[in-house]
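One chain, chain A, links the two complexes that follow: it is found with chain B in the first and with chain C in the second.
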Partner chain A sequence: MTILLQQLVLGVLIGGLYGLAAAGLSLIFGVMKVLNVAHGELIMLGGYGAFWLFALGGVDPFLALVLVIPAALVGGAILYWGLFGWVVRYHEETRVKNSLLIGFGLGLALHALAVQLWTADERSVTTAYGGNVLSVAGISIPVVRLLSLVVAFALIGGLHLLLARWRWGRAIRATADDWEAALMTGIDVRRAYLLAFALGTGLAGAAGTLVSVGYSVSPSIGLEWTLKALIVVVLAGLGSMLGTFVGGLVLGVAEACSAMAFGGPYREVVGLVIFFIVLVARPQGIFAK
Partner chain B sequence: MSARVLGPAVVIVAGLALVPWFVRRDDVLNFLFLVLLFITLAQSWNVIAGYAGQVNLGHAAFFGLGALVTRTLWIAGTPVLLGMLAGAAVAVGFALIIGWAAFRLRGAYFAIGTLALAEICRITVGNVLAEISTLPQTTIAAYRLAHRYWLALALAALSVMAVALLAGSRLGLGMQAVREDEDAAAATGVGALRLKLIALVLSTALAGLAGGAFAYYHISFYPSHLFSPQWTFDAVLMTFIGGVGTLYGPILGAIFYVFFKEYLAIRWVDFHLLIFGALFVAIVLLLPGGLVEGMRKLRGLAEAAALIPDRRRPRPEHR
Partner chain C sequence: MLHVDRVEASYGPFLALAGATLEVGRGEIVALLGPNGAGKTTLIRCVAGLLRPRAGEIRWDGASLGGVAAHQIVERGIAVVPEGRRLFTTMTIEEHLELGAFAPHAHADKAARRDEVYTVFPVLRERRRQLVRALSGGQQQMVAIGRALMAAPRLLILDEPSLGLAPRVVDAILGVLGDINRRGVSILLVEQNVHAALALAHRGYILESGRVVGSGTGAGLMDDPHVKRAYLGPLA
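And now, the complex of A and B:
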């Protein structure tokens, strides 16, 4: 029983990061109809940002968020101007197709670049409090992972407020609903795209920072995180950031259950099962409006 | 395929089949094997993405499943061709599960499903079969490179012929109609779901066979390597370099890619993936038709500039 609870707790803890990783991807996809499959590589870069800030400057990883997120926002804007802004000229189906291809190429290039710059070694940020563990009723909870979950939830909540209250947040949501109607009401749709893409990339940077604390980063983690984010996006559906977060938790718990039922090596298989069930039973996702 | 093309094609394949008798150098045969394997792989991706218009980002899954099944059965004593057929059947089986779920919907679902299948296969196979797969000593002693070469040649010829027959057929035209506009195609009575599934079966069967040939060829590899995203990227990149949705594109792309890759591997070992990634993105954005379209454009330009006298059309009068 304790083992079961322990696994479930660990599942929830990593699930929060799945949710955060998926939120950025979901925002970009929902607004621009552009699916950036290099999202995981952006997470990986964010992780390296936090790692080097800690290794060279001694910056605490949770403080590093204040630097990594703005850097990722700028990086996102550059990617939008240089690559993904080009595909929004096309109609929706071509947009999706071209963005998939561009993201795939970009992801491999970033992976190769990271191997060149930082070698293929696994790195992680080990702070002084990194080994601290909270014990509750025989279940141990790593403090940094718990803190990461809280930060992830706070970021998603902040994004939710931003989209609900901020002038441009509303413009982003209007663009996501119907860009032609948004254009007619005088919204600068291109700017809404740019903002959504930058925000999504900023979230990837934040997710990467948290991954580098509780887990580890290496050049090859990119596609794995893209995979998790994609499954959460399919599971949760588009349109609700909080729903996406819950979707992440569901995937984390489902993986933990799968690992216990069929053994650790098979924990990933559940992602494919979820994908299949959602597509057959509720293709718009659980939380889609 | 018209007789005008069929004649030269037969001559080329027959000529290539004679190569092992005249060329004794293993490096040349290995190189040609790779080109032929990659023609099959690229052509198989071309069927689903180029003709039916469905982007598959997990082609490695079908290559890998074909390879893994073939290798396992072959080492256990099954004749290799039978093993390859079984491998292709398994690849098609998985493809149908993903395709059945994803093709009824539009958008990115198929790409997500295939990507998920490939990554989950890679991670799970890496966990379960962590040990390197090496051929037994007796098999290595009896290893003949020429057999692998002929197998790859046969597969490349098969895949090119399949696409050539498909391109002009009712089936292939239907697929292209679905690619261009699924609603319009459906409105004219084209069964989009059925055509997409047929394209997927053909595509993944060829990918599974290519995987089987690789399992028969390569002496030792980690099973998870068979599912590496690199295989998908190779197929996608070669098809795009040559020209997606054309018969000759994947052939040109594969030849260009293998040559260029070997060249880069000698000069800049570490940077070739970076260069290819950038090249690929540039092609998608700037020259989506690849070399085939590029050559057509160049010829068009040349004709317009009257550098090539066009006999069919009188030259414009000078004013």
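And now, the complex of A and C:
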């Protein structure tokens, strides 16, 4: 029983990061109808950002968010201007295809660049408090992972508020819903795209930072994180950031359960099985209205 | 105010507008009539900047709208109530009106304009916190018109505002258009309900196969034999 609970807790802890990773992808896809399969590589870069800030500057990784997120926002804006902004000139069906090509190319390039710059070694941020563990009723909770979950939830909540209250947040939602109607309402849809892409990339940077603390980064983690994010997006459906976060938790717990039941190697399989089942049974996502 | 001058537009190889010419003057209500597929919606999309004409020119206050982005056309004072309303499904009435005033020029006195919209459509004030999908078709049309009015337009373009609505609701909505016009907003109205549209409009145009084939005053068009035969039917 304790072992099961322990696994469930670890599942929830990683699930929060899945949710955060997926929120950025979901926002970009929902608004621009562009699938950025290099999202995982952006998470990887965020992780390296936090790692080097810690290794070279001694910056606490949770404090590093204050630097990594703005840097990722700017990076996202540059990627939009240079690459993805060209795709949105096309019809929605062609956008996805073109964005897949661009995303795969960008992902490969970033992966290769990371190997060149930082070697293929796994790195992680090991703070002085990194080994601290909370013990509750025989279950141990790694403090940094718990903090990561809280931060991930706070960021998702912040994004939710931004989309609900901010003038441009509403414009982003309107654009996601019906971009032509948004244009006729006087919204500069291209700017809404830019903002959504930058925000999504900012979230990727934040997710990467948290990954580097509780887990580890290497140049090759990108694809895995893209895949997790994609599964969560399919699971949760588009349109609700809080739903995406819950979807992340569900995936984390499901992985933990299957690792318990079938052994560690099957951990990755369960996500794909969920992916398949949801696509067949409820393609609009579990939480989509 | 608005001059549409020999505009041609196409979707791929299909020519939807074959040199349409019309104008809307200050303070006017102009009806644009014609059968399905005549190019009425295409013409509106061209004016709104959603579709680039292949030839011809659209002028607003004497300046060409060629190359002006759709959201900037709203800033210049043209607001469109699109066919099928095109509301934002996840938003409340209040949020629609808020977004309607998105353009910088409409931002300043939006509270006063929101009150005006609520005065014209009191039911929207009552239900302002509700999602628009919970509303009836007529109420949704009111939201669409309210959203457009929030942009402080000098020209309001409506594409089939009565489509799918009960006759009583249609009367109410068309009646409101008269009020809006008396407050100084020019109106270009595309309507299937030819009788009601011509009764309301100062002038009208008949669009067929992408061309304007007839025009005149509202009363004049209502007596026109071609209009009578083709649009008003034997009962009119």
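The rule is short, and it goes like this: the second predicted complex is superposed on the first by the 289 of 289 C-alpha atoms of A that agree within 3 Å, B and C clash if a C-alpha of one lies under 4 Å from a C-alpha of the other, contacts with A are read in each partner's own complex, and residues count from 1 in each chain.
Assume contacts are C-beta pairs under 8 Å (C-beta built on N, C-alpha and C of every residue); 3 or more make two chains touch, one makes a residue touch a chain.
On a predicted model such as this, the values are computed, not experimentally measured, just so you know.
Chain A superposed: clash or fit between chain B and chain C?
Overlaying the two complexes on chain A (C-alpha atoms) leaves chain C and chain B fitting together cleanly.
Does the superposition put A:Gly239 against chain B (first), chain C (second), both, or neither?
In the superposed model, A:Gly239 contacts chain C only, not chain B.
Check whether A:Arg167 is in contact with chain B, with chain C, with both or with neither, and answer first, second, both or neither.
After superposition on chain A, A:Arg167 lies in contact with chain C alone.
Classify the contacts of A:Ile187 with the two partner chains as first (chain B alone), second (chain C alone), both, or neither.
Touch status of A:Ile187: second partner only.
After superposition on the shared chain, which partner residues are touched by A:Asp177: those of chain B (first), chain C (second), both, or neither?
In the superposed model, A:Asp177 contacts chain C only, not chain B.
Nearest 10 degrees is fine: what angle do the Cα centroids of chain B and chain C make about that of chain A?
Between chain B and chain C, as viewed from chain A: 90 degrees.
Quick one: name whichever of chain B and chain C touches more residues of chain A.
B
Based on the superposed arrangement, let me know which partner A:Leu65 touches: chain B (first), chain C (second), both, or neither?
neither
In whole Å, how close do chain B and chain C get at the C-alpha level once superposed?
13
In the superposed arrangement, what residues of chain A touch both chain B and chain C?
none
Residue numbers of chain C touching chain A in their complex, please.
48-50, 69-71, 74-75, 79-80, 82, 86-91, 95, 98-100, 102-103, 106, 147, 151
Show me the residue ranges of chain A that touch chain B in the complex, using the header's touch definition.
The touching residues are 29, 35, 37, 83, 86, 92-93, 96-98, 100-102, 104-106, 108-113, 115-116, 223-224, 226-227, 230-231, 233-234, 264-266, 268-269, 271-272, 275-276, 279-280, 283.
Which chain A residues qualify as touching chain C in the complex?
167, 170-171, 173-174, 177-178, 180-189, 239, 289
Which positions of chain B touch chain A when the two form their complex?
Contact set of chain B toward chain A: 53, 55, 57, 97, 101-102, 105-109, 111-113, 115-117, 119-120, 123-124, 127-128, 229-230, 232-233, 236-237, 240, 270-271, 273-274, 276-278, 280-281, 284-285.
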